[in-house]
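Which chain is which? They are A, B, C, D and E, in the order written, and residues in each are numbered from 1.
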Amino acid sequence: GCGNGAKKNSDTIVIGCSGPLTGDAAQYGVAVKNAIELAVKDVNDAGGINGTKLSYVFEDDEADSGDKAVNAYNALKDNGMQVMVGTVTTASCLAVIEKTKQDNIFQLTPSASAQDVIKNDNCFQVCFTDPNQGKGSADYIAENKLATKIAVIYDSSDAYSSGIFNTFKSEAEAKGLDIVAEQSFTKDSKTDFSAQISAAKNAGADLVFLPIYYQQASLILTQCKSANYNPTFFGCDGLDGLLSIKNFDTSLCEGVMLLTPFAAEAQDQATQDFVKKYKDAYNGETPNQFAADAYDGVMVLAELMKKEGITADMSASDICDKLKKAISDKDFSYDGLTGTGMKWGEDGAVSKDPKAVIIKNGAYSALTADDIAASTAQ
Amino acid sequence: MALLEVKNLGISFGGLRAVDEFSITIEKGQLYGLIGPNGAGKTTIFNMLTGVYKPTDGTIVLDGKNITGKNTIEINRAGIARTFQNIRLFKDMTVLDNVKVALHNHYKYSTFTGVFRLPRYFKLEKAMDAKALELLKVFELDDKASLLASGLPYGDQRKLEIARALATQPKLLLLDEPAAGMNPNETAELMDTIRFVRDNFDMTVLLIEHDMSLVSGICEKLSVLNFGQLLCEGKTAEVLKNPEVITAYLGE
Amino acid sequence: MAMLEINDLHVNYGMIAALKGISFEVNEGEVISLIGANGAGKTTTLHTLTGLISAKSGSIKFNGVELTKTPAHKIVEMGIAHVPEGRRIFQNLTVLDNLKLGAFTRKDKENIPKDIQDIYERFPRLAERKNQIAGTLSGGEQQMLAMGRALMSRPKIVVMDEPSMGLSPILVSTIFKIIEDIRKSGTTVLLVEQNAKKALAISDRAYVLETGKIVLSGKASDLINDESVKKAYLGE
Amino acid sequence: MKKEGASAKTKFFKPQTRKSFITYAMVIVAFVVMQILSSGGYISSMLTGLLVPLCVYSILAVSLNLTVGILGELSLGQAGFMCVGAYTSAIFSIVTSETIENVWIRFPLAILIGGIIAAVFGILIGIPVLRLKGDYLAIVTLAFGEIIKNVFAALYLGYDSKGVHVSLKSLSNLNLEPDGKLILNGPQGISGTPNDSTFIIGAVMLLITLIIAYNFVYSRTGRAVMAIRDNVIAAESVGLNITKYKLVTFALTAFLAGCAGALYSHNFYTLQASKFDYNLSILILVFVVLGGIGSIRGSVIAAIVLVLLPEMLRSINSYRMLIYSIVLIVMMIITSNEKTKTFISANTAKFKALFKREKVKEAE
Amino acid sequence: MGFLNNLINGISLGSIYAVIALGYTLVYGIAKMLNFAHGDVIMVGGYVIFTCMTTWGLNSWLSIVLAVIACTLLGIVIEKVAYKPLRQATSLAVLITAIGVSYFLQNIALLIFGEKPVNFTSVVNVPSIKLFDGQIVISGETSVAIIVSILIVVGLSLFINKTKSGRAMLAVSEDRGAAQLMGVNINRTISLTFAIGSGLAAIAGALLCSAYPTLQNTTGAMPGIKAFVAAVFGGIGSIPGAMIGGILIGVIEILGRAYISPQLADAIVFAVLILVLIIKPTGILGKKISEKV
């Protein structure tokens, strides 16, 4: 560890996070940043950590996988970060995990979902691990006999998307599902999906699995419609946000199924409260699942800190040692926006139940046997 | 044996027969002039002699070696150097470096030697500096050696081009309108320089020029080109009296 | 009042002073020569005149209008045409297109074809090559094109920078004849020439430029007999 | 005039030698200062973390300047060469991390391998492409860089008892045995690269790069390359082999970029190919142009300033990149506008004259 | 049938590239600069239309007209502020400034419109054409894009060859100094070029965002690069070349994706580009400019 000669604000406990605030992926970084701000405020309003206030610092890493991510991390350290709720994306996270390990800083990423992110013992995730989602999706489709012929459209240049795809594929094979079309796109060509759609259509796929983000998914839905192709669409948490795209014809989403821990349109009180608070604070924006993950992340931390009696003058390393143990304690569990009874193992992965939801009448609703019957009947 | 023997050279551009059936023989040590109206094809002949254009017909033999159809680099190595009608210097390099570049094929050391500055580098660079300065002195450019070529006045640029051509140590020097843009005094100086070069470097010179004072002052023989074809050739004084040459080219 | 009045003109290239305060004038209908050695500043003078480079100080008045503050394209409209050193023809356009661009500022569209015919008569070679890409013309042909192009704007005054450079003797005579024709047709000419003898022969007056300063001026017929001019510029 | 020429000759150093030695001295001084400061704990983690990347970007800028400034060709593929160097050297280090334990042997080897393979790529792309000029060459180099990036991003590579497995499709197509070792994981890139890069190595590499660059420029080859830049036809007419020298320059640029890539990849545990996109190539070009085309020292200074700038602007977060862009435009205009350029050169000349006079006085 | 479908998809993607490439090539051909900010002007056009239609509820025609006006003005302003001071500078310096402008536009848009992508309502209400019982569908956006790009090609060619301003552009593209000597107002001509180029960018923005209805501050970047590739492919500076280049790039991209490998489709496009340029170093319709020695 190099000189920790940074200014240290001694009366608050400083949470740090880095994520993209500029560039292509800025929306994810901003969502997480907003949610952290909201959560920190909520914690402080409720009396802070045994009286000590929380504060946060957020740095732009442009979702970079190299020096920019490390720069952002170092800037956080210089700003007195004691615990990290980050980073937002896998790319940047992989670039800093060894640093947090060296510096012994506790790291709880809200949204970086690759498996490798949590390979060190000081790193934990709020979101699902990509392979889990891939496996979960394949299992769900197989168990509910949603389809016989499946097409996949994924982003081969993205770790999240190809991570899910890789495990989905092997699990699907194991479960005897028939993947008739494996179509990918890349970061550089993510607006035109005509070739992928026509491949899926020609292969006669009746379900298209979309382990991608909602923005591309919305284009795929639009383009499928104009290509006269109406399969069942199935996706993961990345699809959350579909309904809140400004000015998007949400009727196209009718019948889209997804496995997600969070849905902004869900009717439970906690979600409703959070969504309302978020909308009020940020020009009526609807929070996506990463915002929810980040909110949960801060809340989990606050809970643990209270329990461990963390104070502002503790060193990052001491805090890390305490929180590491506390979070993977068998008795610790947390009920949050993205799941009830969330628990963490020593591997750093979270165990929580994904909800299978379907978009019906412009809102999410839990997936029922009837829905499944209806969709397979088509 | 003649130094340069060109037989039946010809080239076309699209439909235009720019040069046709052109032959010329130049003896070693001669100062030979190529004249003719604008657009007659003089520069085009230079371009074929130096491999810029590939002739469609004919042969070019230099010092007994057939160089027809060879590329510019091979031809330069075989012994022909030239200047250009529209000056082509290495503008962003110093006067000295312009000449040193042309010494390239005579002072060889590898890129590796250069990058790691082995002793050979220092030895050869020193020799090149000396040689280049010696050449520049001939053209009275030695005190401008460290200036950028682009900053030189027009007349000096022409002289530098000749110095650069000489540095490749050719057997035959082609000069394309060396006196263009010079006033009579400067032209007279240039004539002395060309003679000096011929005598002291054992050079053979073929030049294109429209300035009759230079042509009649230094050329021993002339070929006159008109519409791509040889109009006449012979001793300078005689050619300049030829009535056909007078009507086609000289006027009055 | 003279048509063109240049007063104490200074021009710099970066740190280098190319013109160090020159003054001269050109009257309507005259042919004026500027002579001088290489690098004396002749081209620089003409470039400043037509606005291609800007003056450091001094003034240039054309029929009373200050040119140093006028943008180049306005200067052309006012009736000054420039045959630049090195020709500067449009390399990738045809001969005809080049001539048409010469008439760019003209409002009398209907007369343009006739003027093109006139140019073709003066330079028959251009008529033969009217559809050739100008960049592939021989040097002499390009010079003819540059002159023809300048005349297409029907200027009040033509400034010419070494128009005889690279031309065959017969064409040099032609060019000087054309210059005389031009002056006869009422156009004023400001001529920069290395061929001082010929230039002086057709000029009314001349100025001698040396390293950015005018060192001598007077009637052309006087200068041609001046010993120092003879020695320095006429090669006698 | 004459006098000056004579006295220049008697001077011990040629002006170019002086120029290069000043640059070396600047790098060494900067290195020593940073070392002292960091050992005293006076610099922030951020600056400490930036030291190696600063060396990397400086090397990249200097090497690109050889192609852009000395050869005069616009290349937008620098990131591609860097990517090749970064990946191949990292693969080498991962594979050999157990067999060659001595870092001082392994890492230089890795850097060399990265550089050499990148140079091979440089030649491969160079041969067909050198017929092209200007913007056509630029687009082809950009295309080449994008191809490299896309292929590496799609590449899965691993080895097990049965040998090496490669796939361009997906992890499962790799058919790796459970005990196998995965080296390249498609878009997730490469991970587990030993962190061998240190500031010392970076600074030494930068110094070597500068020496190579300066010596190259002021050698027979460099002169030939500049002649080609200034006038191809004239260069041919004095017998220069155009293709050869273009290739040599291209290969050298690629080699140095590859070495920089190696330094870069060994500064992180993981690396993804998406990093090496055309934006990175453009960024490096920005360094070169802003530092002054053909000015090697300028490249280094511009690289350092422009890498530090956005980091310095962190406190204004959302306006950071906006300000950066404005600064870039303004700097470009100041350094390239005729009027401001004359103004600056006039004033630096005055300043220098003043300085000289004082020196003379001192001497007296 | 599948092939036909892919071909049509390729043409529809390509026709969008073509419209963008036309603006690119115009500015390049005349101002002799690679305007890297062109793609971002497209993005601005998209946002203007979005604001007009969605926020203010104007109709699509009016919105397009407003966007064209806005982008034209923007083009002129950018030219005046950022490029004009660099008239005498190297083209590389101008290129870097253009990159600065590109960053500037992206980040200013980020501040104004936020980081979240918005969904764009298509400005096209031409019905799609269905062939073979709907097995092949040509969307309205595609037909419009093709027609628009043809109109632009014809319009620009006529403008350049037949009008006085057009001839001024030709002269400026050849030799600025000489053009000045002909009485051409260089600044005005370059401004006009930027105005037209940016106006075309607004139209390209309308078409791009209609066909692929999502819009964020980086929307223009990648299509800008692809269009640059298309312009070079067709022979940069050549107006019909830009159109042909655009369509070919689109078709190659889609066919590559469909028949070779979706992951490597971009790599394939670039590889084909390299191949074509090796065979024909000035692009498909680029004229070979040989230098007379």
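Criterion: a residue touches a chain if its C-beta (ideal position, glycine included) is under 8 Å from a C-beta of that chain, and two chains touch if they have at least 3 such contacts.
None of the values given here were measured: they were computed from a predicted structure.
**Q** What's the overlap between the neighbours of subunit A and those of subunit D?
**A** Chains that touch both subunit A and subunit D, as defined above, are E.
**Q** Quick one: which chains contact subunit D and subunit E both?
**A** A, B, C
**Q** What is the chain whose Cα centre is as far as it gets from that of subunit E?
**A** B
**Q** Distance between subunit C and subunit E based on Cα centroids, please, to the nearest Å.
**A** About 43 Å, centre to centre.
**Q** Round to the nearest whole Å and give the separation of the Cα centres of subunit A and subunit C.
**A** Averaging C-alpha atoms per chain gives centres 74 Å apart.
**Q** Provide the C-alpha centroid distance between subunit C and subunit D, rounded to the nearest whole angstrom.
**A** Centre separation, subunit C to subunit D: 50 Å.
**Q** Multi-chain contacts in subunit C: which residues touch at least two other chains?
**A** 136
**Q** So which bits of subunit D are touching at least two other chains?
**A** 146, 150, 153-154, 169, 233, 318, 321
**Q** At least two other chains touched by the same residue of subunit E: list those residues.
**A** Subunit E, residues with two or more chain partners: 107, 110, 263, 266, 291, 293.
**Q** Using the contact rule from the top, write out all pairs of chains that touch.
**A** Applying the touch rule to all chain pairs gives A-D, A-E, B-C, B-D, B-E, C-D, C-E, D-E.
**Q** Where on subunit D does subunit E make contact in their complex?
**A** Residues 68, 74, 128-129, 131-133, 135-136, 138-140, 142-144, 146-147, 150-151, 153-154, 168-169, 233, 278, 282, 285-286, 289-290, 293, 318-319, 321-322, 324-326, 328-329, 332-333, 335-338 of subunit D touch subunit E in their complex.
**Q** For subunit B, which residues count as touching subunit D in their complex?
**A** Per the stated touch rule, the residues are 50, 52, 71-73, 76-77, 81-82, 84, 88-93, 97-98, 100-102, 104-105, 107-109, 111, 113-117, 121, 124-125, 142-143, 145-146, 164-165, 167-168.
**Q** Once bound in the complex, which stretches of subunit B touch subunit E?
**A** Touching subunit E: residues 43, 47, 52, 84 of subunit B.
**Q** So in the complex, the part of subunit E that touches subunit A is made up of which residues?
**A** For this pair, the touching residues of subunit E are 2, 5-6, 9, 12-13, 50, 54, 107, 110, 114-121, 128, 130, 134-135, 137, 139, 212-214, 216-218, 222-223, 253-255, 257-258, 262-263, 265-266.
**Q** Quick check on the complex: what are the subunit C residues that touch subunit D?
**A** For this pair, the touching residues of subunit C are 14-15.
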